[in-house]
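Below are two complexes that have chain A in common, paired first with chain B and then with chain C.
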Partner chain A sequence: MSDANVHLLRSCAHWILFVSCVALVPPLCLGIIRKTKARLQNRVGPPLLQPLFDIFKLCRKGETLSSTMSGAFRISTVVVLATMLVLAWMTPWLSFKPWSPNADLFLIVYLFALARVFSLLGALDSGSAFGAFGASREVTLGLLVEPALLLGLVALGLFSGTSDLRLIFAYHQIQAPGASCIPGIWLLVGVSILLSSLVELSRMPVDDPTTHLELTMVHEAMVLEASGRNLALIEFSHALRMSIFFGLAAQCFVHAAAAVWRMNALTHGLLNIFGICLIAVSVGVLESLSVKLQWRKVPEFVAYVVSMSLLAAFVAAGSGVAKL
Partner chain B sequence: MNAAVIFWGTIVFLALAALAAFVLSHKKNVSNKVMSFLLCAIAAGSLSALCSTGFHSYTYVTPAPFLLGVFPVTFRLDGLSRLFSALLSLILFSTGLFSPGYLNHLKGKISFGQYWVSFFLFALSMYGVVLSADAITFIVMWEIMSLSSAALVASDHSHHLVQKSALIYLGATRIASGLLCGGFLWMHSLCGSWTFSDWNFASAQAIFPALLIILGFCIKAGVWPFHIWLPYAHPAAPATVSAIMSGFMIKVPIYGLVRILVQGGLSAPEIVNLAFILGSVSAFWGVLFALVQNDLKRLLAYSSIENIGLILLALAIALKARAANLPVVADIAMTAALFHCLNHGLVKSLLFFSAGAVDCQAHTRDLHKLGGLARRMPWTMASFFIGSFSICSIPPLNGFASKWLIYQSLFQSTMLFGSYIEKGIALATICLLSAVGALAIATFVKVMGVGFLGMSRSHAAEHAQEASTGIKISQGFLVVLCAGLGVFASHAVKFISQLSLMSPDSVAPATVEFPLPMPVLALMLFSTCLVIYLVFLQSSKVRIFKTWDCGFGALSTKTQASSESFAQPLARIFRPFLRYETNSTIKGRDRRHFPEEITVEVKIVSILESRIYLPVLAVISLIAKGLAKLQAGSIHLYLLYVCSTLVILLLLGTVL
Partner chain C sequence: MMSSVDLSVLSAAVLACLMVGTLHLRLNLWMYGATTMCIALATALTAQTHAEINLICVALLIAVLKAAGIPLFLLWTSEKLNVHRDVGAMIPPPLAMHLSIGLLALSFILTRGLPAPEMAATGWYGAAAGISLLFTGLVVMLTRRLAIGQILGFLVIENGIYVFALTQTLGMPLLVEMGVLLDMLVGVMFSGLLVFRIQKSFEHIDVAQLTSLKE
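Here is the complex of A and B:
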């Protein structure tokens, strides 16, 4: 076989692998969290892929829209999912990925902001107080968590000497000589991305997504008016956002491990998927054991995350590994 | 084409238009349509003339009879002034499209003759300021700009609030001009020339004139802590005027800073650090106060303070990097500052136009009385939303492109600066900028959600209709520009970076690259949206029902989140800065379950105004009252003053 053919085959395989991961990992993440919680409560729990079946079921149902709504509601759902798909394509949350353009870390953070803005508009469109209060809380969480996420990624960028996430998470960076303090930074950033994702995705300990009272919740309050296919799209984009965040955190941990233990690309990829699942399990355990924080205590919790990112960024800026 | 043709063409035409308006105002039948058409034509003419002159820089000195006193009028057309005049022409052109539809609703409230005279003088003076090459021409044009804009702010001068706003604005411009004159005189005595290109700020003595000049410019630009005139002047002025003032006039001081201080080789760390601190504080302060505003135009005014802060911050980074001999960072930051000027100018005009259209149709700018406009004014809503996304720096719009450059300059300075303190400061500023960005999102989501979505909160908002065609076209024009500058940001950035901004005579200006794949991204986003819509939502069965009301019966408009309640969780976090107080009282016999009357009052006091400016003003008016006794109205007393002054002067003359 000629080189061109091998290359074509390889990129085809990458696309197939990538698309199946985008379709399966998000519902799997949710499923693992639910299963873990069920097992810890001595229940059998739903099958692992139940979230996927739920989405199929929702797709067969009709939609109910409020008479107050303008077009903004349905458009927002579409834009949020489209942004998440583009983000999944650009962000290196998996070790294997088809070709993608420059995934600048500032661009990634602001694309998340794009998705957030549209989900907020969707929540406000019905004129329902539930949606508005959910949106108001979501915007507050966004303010708190965005600096933490951005600084975490900047810390990674600083010692790689670039703001392109593709290069930051490139496998060959690991073997860079003289990069002695790297595992520490990777670990710190991994933890801070994980913790900020708990806030960003409105999960415990910031918000309990499984209570029966929407008035107290963030994400569930915002999507209260969605139904049918609309809800299916929203649920899927939320799960996809979760797996992108978990994937980034898992990548950080795998990179930290790779600094002490050399591995080949296949192990790296498998470890990455395994890491995402492991993070989902630990989130499930966390949600079973912890209680929801009082709303006013949330800034304190986020302060820990921000200081962790700041520490990582200072270490990265001070380590002097910067090379241009 | 000769550059002189542009100066004289634009300026003479604008002066003629002002004259025409003046003559017609005596007959009391100034036609808004004719005047707007004139404005459009002049703006389009100057824009095409600018495009046809190529990249060379021209200097033009007026011949003998056309002097300002004994000084010739000197103009310079180079990269920097070309960029600013092009921005001005674009904004004036869209204002011309917007005016006829908008001004109708002010009929009977303002005198159109007066309005158009001031307006054309205002436009003329802004061209004059950005084209002037020496301090005398600059200050003359600057004064015409300040006074004509003050007259425009006072257009609707029958209201007490408008009078107060115009007075505050006039006071701010007087102090700014005073400081500038002081700085210019000082520089003239140091350098012996009025021409900007002869001024050198690298010497140690130049720190004080530089300080005077930067303070003067900061007051006019509305930088913290001198910003208080902005939130008064913008709501008082007609939307056309606020659009130009916010879109272009507050960028004129930025032009002045670049032309005089940056190109004059300023490197004193005290001044640069001052600009850095003022810039970052105003970015944060502006957006924080924007978040808690309830008047649409006042909110936009605070958002302008934020963006001016960002621009000043980028300028300070450029100066810092130049002093540290890091030309790469300096070029990125400088391009960021000017690109942000361009972007914010276009976006803010767009937002003020949309706010004006809302004001026209719903007869209010109060967010408590708006809502539900999305279905009644879809075009206005769409353009306001796109403007909001851009100002929140959402990709792939233009606001993101310039914000990215600012981030990138900070990121690069974190890597390249030698000292750890500088690295730490740059990191902290990245953190601050992301918080500012998130607050801007909160602010504009509030406006979009409360102002345009949901149920209408008043009768007027319920009966609003779509704005007229001219207004729609002007908004569409600016939307296209914003989206185009965002998607094709790499070309725009390359173009701006080549205008030789850091010093007027550098031979080969550096090229700043914008490496992000915005066209690919925009295309991917758009096509993915289209596919998702066609596959999933188009064919889905839809039932229209009411919003979930928990079974308590029909929802009233009061049950929606209001502007205050939406911002409350965030305002709570920043209570120390905002002095945010809520008082709620619930009355009734069994007040817990069956309240009869509930009142909630939210009070926000600006520390700066209540604690600093008001006491200072009180002291000044106290002194003024004391001084007023001198003017007793008695001719004998005045003759005594004259006589004693004469004696004192004669005595002084003999002594000295």
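Here is the complex of A and C:
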């Protein structure tokens, strides 16, 4: 076989692997969290891929639309899903990825913001008061957590000397000078991304996704009016957003490990998937053990996330000084 | 290259910074205990590299008296006085935490100018951690209103001075260490009793209001 053929085959294999991961990992993440919580409550729990079956079931169901809705409701769902798919393609949340364009870290953070804006539009357009409640809370959370996420990614960029996430997350700058602080930076940023994902996805210490009490819930209040196929798409994009965040955090931890032990690409990929599953399990354990924070205490929690990013940024800046 | 002493001393500094972020007294005291445990670990590791038996005793004393004894005593005091949360003053705690992390970075810049001792156990990481602990203690004393918070800030400052001395010298004589430890223990006991007295005569332990007289 010629080189061109081998190259084509390889990229085809990459694409197939990537698409199957995008389709399977998000429902699997949700399933693992639910299964962990069920096991901790002495229940058997639904099968691991139940969220995927739920999405198929919702697709077959009819849809009820409120008479006050305009087209924005429908458009928002599609835009959110499309943005999430683009993000899944560009963000290095998996260590095996097909070709993708430059992924500037500011672009990534604000694409997440774009998705948030459209989900807010959808919630406000539904005309229900609870949707507006949820939207207001979602904006507050997004406002609080954005600096933490941005600062963490900037710390990584500062350290690697580029703002392209593809290059930052490539496994080849391990022998840089000032190497002793690499695992530290990766660990700090990983913890920061993980904690900010809990806020961003309105999961346990910030909001309980299983309460279904309209006065407290965030994400669930926003999708209250959605049904049928619309709901299926919204649920899938939310799960995809979750797995992108968990994947980024897992990648950070794998990088921290790779700076200490030598590994090949296959181990990186396996560890990455394993890390995502492990993070999902720990989120499930956290959700069973902890109680929801008071809404007033949420900024205090976010302050800790910001300080993780701040520390990482300072270490990165310090190692940059040491290199000169 | 970072040694394990550097690592434990730096984690003590970071833990102290994170302690500033919450006003919950019990959490504060536990985090102070963890910080001091890290310092005890650093002492034990220094003792191992220098092969000094004295420092092992000091490490044990720190672990038992400072890391466990003092937090438990202050916890008991706060239970007795029925205070669980500080009120906070001047700067809100999250910002104070970010400030103390900024000061941690500043102390790294400051220690670059210090002449590094030739024979010292560790390089400038230890000095930076010590100075940062000093700053953190100051921030704690500035941002707390309850007397127990003030004691906590004082204890963190003392930890900073100890870390600086430990990492910049070849280890102080056991007698000096014991003297400092004893002084501090007595100081904490006295301030604990004082807090009781303040509570008795003023019916609160808010130091911001102590300037007004009471008949």
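Basically, the second predicted complex is superposed on the first by the 316 of 324 C-alpha atoms of A that agree within 3 Å, B and C clash if a C-alpha of one lies under 4 Å from a C-alpha of the other, contacts with A are read in each partner's own complex, and residues count from 1 in each chain.
One rule holds for everything that comes next: a residue touches a chain if its C-beta (ideal position, glycine included) is under 8 Å from a C-beta of that chain, and two chains touch if they have at least 3 such contacts.
Nothing here was measured: the structure is a model prediction, and the numbers come from that model.
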{"item": "Touched partner set for A:P147, first chain B, second chain C, both or neither", "value": "first"}
{"item": "Contacts of A:G318 with chain B and chain C, given as first, second, both or neither", "value": "both"}
{"item": "Touching partner for A:S307 - first (chain B), second (chain C), both, neither", "value": "second"}
{"item": "First, second, both or neither for A:P299, with chain B first and chain C second", "value": "both"}
{"item": "Partner chain(s) touched by A:G127 [first = chain B, second = chain C, both, neither]", "value": "first"}
{"item": "Chain B versus chain C as contact partner of A:A113, first or second or both or neither", "value": "first"}
{"item": "Which partner, chain B or chain C, touches more chain A residues", "value": "B"}
{"item": "Chain B/chain C common contact set on chain A", "value": "299, 306, 310, 314, 317-318"}
{"item": "Chain B residues touching chain A - in the complex, by the definition given at the top", "value": "371-372, 374-375, 378, 381, 385, 389, 392-395, 400, 403-404, 407-408, 411, 414-416, 420, 423-424, 427, 430-431, 434-435, 437-439, 441-442, 445-446, 448-450, 453-455, 515-517, 520-521, 524-525, 528-529, 532-533, 536-537, 540-548, 555, 557, 559-561, 565-570, 572-573"}
{"item": "Residues of chain A defined as touching chain C within the complex", "value": "180-181, 299-300, 302-304, 306-307, 310-311, 314, 317-318"}
{"item": "Residues of chain A that touch chain B when the two form their complex", "value": "59, 62-68, 70-72, 74, 77-79, 81-83, 85-86, 89, 101-102, 104, 106-107, 109-111, 113-114, 116-117, 120-121, 124-130, 132-133, 135-137, 139-140, 142-143, 146-147, 150-151, 154, 157-158, 161, 163-164, 224-225, 228-230, 232-233, 295-296, 299, 306, 310, 313-314, 317-318, 322, 324"}
{"item": "Residues on chain C engaged by chain A in the complex (per definition of touch)", "value": "1-2, 14, 17-18, 21-22, 93-95, 97-98, 101-102, 104-105, 108"}
